[in-house]
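First chain written, first letter: the chains are A, B, C, D and E, and each begins at residue 1.
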Amino acid sequence: MNDTARPVRMAVAGQPPSMPGAARALLVRDLRLLWRRRGDAFQPALFALIVVVLFALALGNEPELQARVAAGVLWVAALLAGLLALDTLFRGDAEDGSLEQWMLAPVPLAWLVAVRTGIHWATTSLPLLLATPFLAELLHLPRAQLPVLLAGLALGTPLLSLIGAVIAALTVGMRRSGILVGLLALPLYVPVLVFGAGSVAASAQGLDPVGALLLLGAGLAVALVVAPLTAAAAIRISTS
Amino acid sequence: MNPLVRWFHQLGSPPYFDRFAARWAPWSFGAGALVMAIGVAWALNLLAALPGVGAWFFVPSDYQQGDSFRILYIHVPAAWMSMFIFGLMAVYAAIALVWRIKLCEILAMACAPIGAAFTVITLATGSIWGKPMWGTWWEWDPRLTTELILLFLYLGVIGLYQAIDDRRNAARAAGLLAIVGVALLPVIRYSVVWWNSLHQGQTIRMFGQSSMDPSMFPPLIAMVIGTKFWFIGSLLLRARADNLDREAGKEWVRERAAAQEATP
Amino acid sequence: MAASGQPIAMTDPAHPTPPLLAARDLCFSRNDLPVFGPVDLSVDAGEALLIRGDNGAGKTTLLRVLAGLLRPESGRIEIDGHPTNTPERTRALAYLGHLPALKADLGALENLDFLCGLHGRRASQTPESAMRIVGLDGYQDALARQLSAGQKKRLSLARMWLSPAPVWLLDEPYANLDLDGIQLVNRMVQAHLREGGAALVTTHGAYAAPPVRTRELVLERAA
Amino acid sequence: MNDTARPVRMAVAGQPPSMPGAARALLVRDLRLLWRRRGDAFQPALFALIVVVLFALALGNEPELQARVAAGVLWVAALLAGLLALDTLFRGDAEDGSLEQWMLAPVPLAWLVAVRTGIHWATTSLPLLLATPFLAELLHLPRAQLPVLLAGLALGTPLLSLIGAVIAALTVGMRRSGILVGLLALPLYVPVLVFGAGSVAASAQGLDPVGALLLLGAGLAVALVVAPLTAAAAIRISTS
Amino acid sequence: MAASGQPIAMTDPAHPTPPLLAARDLCFSRNDLPVFGPVDLSVDAGEALLIRGDNGAGKTTLLRVLAGLLRPESGRIEIDGHPTNTPERTRALAYLGHLPALKADLGALENLDFLCGLHGRRASQTPESAMRIVGLDGYQDALARQLSAGQKKRLSLARMWLSPAPVWLLDEPYANLDLDGIQLVNRMVQAHLREGGAALVTTHGAYAAPPVRTRELVLERAA
């Protein structure tokens, strides 16, 4: 059972945790918490819905105008919803001391961060993704643009979550990070938005949207590797 | 030990750095002010009034833009500095993170406000220039937008540095953000290439074929050099202040303060 | 209690066993002001180290440095005589701090389940048995938010009891506990040491220490 | 000094607090806190700026389209910035126990709530109001519409703050209210948005915007009286 | 210390003085489960009431009900023999709970200034003098976030000392304090009672109570 590289005199016979085991424990925990607060799962999608409605109201009843801005509004709504949900990524765990225990666990912190970010994406952004066709309909988005919009969001929202994880980690030590998170995250979100909204705009003009989507995919691949490591480093810095 | 490495280690000691900065900051400022004054005078054809050699210093008006192009001599150096300083800040931050050299933390954080100031100057001069050229102060053009985002990043670094209580942790956290933000620099640089843009494309090349009139060059070079000196001066000054602030209460600071009072 | 009652010595029997946990010349500063000066300490298997000191002396900070939550300014921390970095120490140390590390919306047992997944657990214990030992029988399904201050502390003690790490770092384990709870802590520490573990306990000195082989470290406010 | 209606045997000679005194103490405290974290004062305005930037980018570089949606975007930005700042209204005080002491103070809780909301408006929405002309310029809002927009925001943002205070009070007992605040607040914000954005739209079409502005003013007058009392009651409920 | 050393009796001198604070048949339930059963208690000027009970017995809950933070299910709370509602009690009660009510970003003295503005203050005391009394001299400008657990507790005690309210409700005032701090609490309670105040103190019984006229109430876990 004692399988450290340099043997530690383990006084107590025990089972050290494995990386998949820790990930499973985290998954079970988060799903239980989600089930306890079932309503919360739909909140980001609801928030996006409200932003869309606010916009529709603020623009007045002009379907043609709405159709032109629809893709942009949906991207911004997704982005803002992700931003608001960011605070729940690590903060709860920091405040009740769980994060300390993560740092002291014999599994790499970056691995826990990656798993947590994945779960967080699946529970906040995925519902939003599923609601997108409905929201698009509300804003009279032309049907032909919907697949591009969905593809962009499917690649873009995990990227946003990963970038957001770094920012959330940087601010987790602060009592009230408030709006600072937004200030730090949004500039980094901008490229994602530009390529995401750009792909829809390209397809609206009859151009090929694949280039922009490929760039999003490349960004996602890089972030999948780099972001958890950076976020783990950031957590260690900002909680000390 | 390699003398360069030894010098670097020496520089890392707070009292030594304080003396170094106190000594060289005024010189840098002086050199910067002088070179920039020459550059501005040259650019505005003030030097052309010099008797005899005046013709050497003449900068013609642009065939399209008339005299309004002369704002270029502030706009372009400031724009280059805004990006250069961000990169330098990230380099300092990376050194600070890896080798935990305190001086590099201080230097990285001292870069941020200066870089932000250059970014503001770029945006302001660009806007002023844009009004006669494009008929509008602001346009959501890729280069303009990415430069604005650079400003946000600077503000984010400064905000994060101030929001964290412990200075070393604050510097390390903000430094990490700076490193992450470096990804933006190539986007600014190549935004005019990747997207079709209102903004002037790559016209000035320090090396190789440039699409600018050769007589327009020398003042620009003077301004580029002048801003570098000016930047070094303010970097030393800011870093020195931060260094003193962190070391406040240490023996050598008290000694130096006492010495300062003794010789007013 | 764990099956392997005897510590397993991994070092050359010709030389004396190095201490389980030792720190040499440990310093920590905040904003360049020292919080505690150079500290030397060592605890061996079967020993407790009582860290005494007034309010603000730096006891909490010292434990957090040892645990690896804070980075020492200088000095080194050794496990079994080997200098270690933070990840290496995680297998050897279990930390009970001021924050309970409990999710308010999970039941007591569910909380323990998660923490076992994260830290591993002793072969001989289950979350159920640990809850019985700390006197929380009947509270298995109570949500953590509904527990009183003392009950939360007991649940955290159950987590320590489940951890396979040999060295316990306990920051003010007695605070918020009733007399019965204080005895519980003492009994748990005693049993842990008997199995070859070690414990570092901070205290203001207001309580009776457990009757075990004890070293003492007194911290004084720096500056 | 002892001036309760039914005299309490005051064992200790002391100075009970007065309502202006408590308000002054709160004001001094909040200004000190703001000064400690100077940067935070500009955050809502910066956030609004970022939302504007996001929108401008998402819509692509089409000045004419931007001008048409400018007023709507600015209203939504102000509203979202106010929403994000809402969390700082009572939560900090709840988490460190200050709110308990407010409830136990011998001055009416509603008074403290009113003062706190006023300070919060002045420190978060006022900077945004001052930044509006600049933001409007960025989005090419026609100059003629600016006064109407400003008047609407000047009446609307305090109203949003007061409504927000009630929502913040209702959710203050919760650990992580996160996005829930947004869900509760936004439906109540909608009427303000409709009249606010509506007034600009009216003036854009050459109609008289005064009617909509008067309605906002009337709403503000009612909220000034009702909201602090409601929020105080909500705090008592949600912290018990 | 306050000038008016003697309690001022406001009731008819023919009748015996009613107690300063009394509760009759006080019940509190959460989700229809009783937390504590019908409780009767009373404290008079110059008296302390020690509320003992195991972890989870309901001590914290009782104090919060008395303070007016929770609403009792039934029963009534009297001040000077008069039933009172929550706002009326605010002048008579000062509460020290688990949370310190300190703004992390304000200095120690600034925190006290604010709390005096909110609650009023004793005529004879200033924030400065109170900080001296609790042994925080020299920490006037330290930010609350930089204080250790025990230092925060001391600052909260200074707040109690400044409050003009005659009845103190202290929830585990000894937790996190060193021996010196425990004596400080005892001395402060003693001085407060000598001036005609009263104090309710919850404790697990692990500490020596202050040498004053003391009543005792033992809470038992309901159900």
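Note that in this section contacts are C-beta pairs under 8 Å (C-beta built on N, C-alpha and C of every residue); 3 or more make two chains touch, one makes a residue touch a chain.
Quick caveat, the model's predicted, so the values are computed rather than measured.
The chains in contact with subunit C and with subunit D alike are A, B, E. With centres defined by CA atoms alone, the chain at the far end from subunit D is C. Across the two interfaces under comparison, B-D and B-C, the one joined by more C-beta contacts turns out to be B-D. Subunit D has its Cα centroid 28 Å from the Cα centroid of subunit A. In whole angstrom, the spacing between the mean C-alpha positions of subunit B and subunit E is 58.
In terms of their C-alpha centroids, the spacing between subunit D and subunit E amounts to 35 Å.
Centre-to-centre separation of subunit C and subunit E, using mean CA positions: 33 Å.
With touch defined as above, residues shared between interfaces to two or more other chains in subunit E number as follows: 98, 104, 145. Annotation for subunit D: residues touching 2 or more other chains are 37, 46, 50, 53, 57, 59-60, 92, 175. In subunit B, the residues that reach two or more other chains under the touch definition are 145, 149, 152, 155, 159, 163, 166.
Residue ranges of subunit E in contact with subunit C, taken from their complex: 30, 53-57, 60, 98, 147-151, 153-154, 172, 174-182, 204-207. Looking at the complex, you find that subunit A touches subunit C at residues 1, 4, 6-17, 21-22, 24-26, 28-29, 32-33, 36-37, 92, 95-98, 100-108, 112, 239-240.
Residues of subunit A that touch subunit D in their complex: 40, 43-44, 46-47, 50-51, 53-55, 57-60, 65, 68-69, 71-73, 75-76, 79-81, 84-85, 87-88, 91-92, 175-176, 178-180, 182-183, 186-187, 189-190, 193-194, 197-198, 201. Within the complex formed with subunit B, the residues of subunit C that make contact are 30-33.
Within the complex, the subunit B residues that touch subunit D are 136-141, 145, 148-149, 152, 155, 158-159, 162-163.
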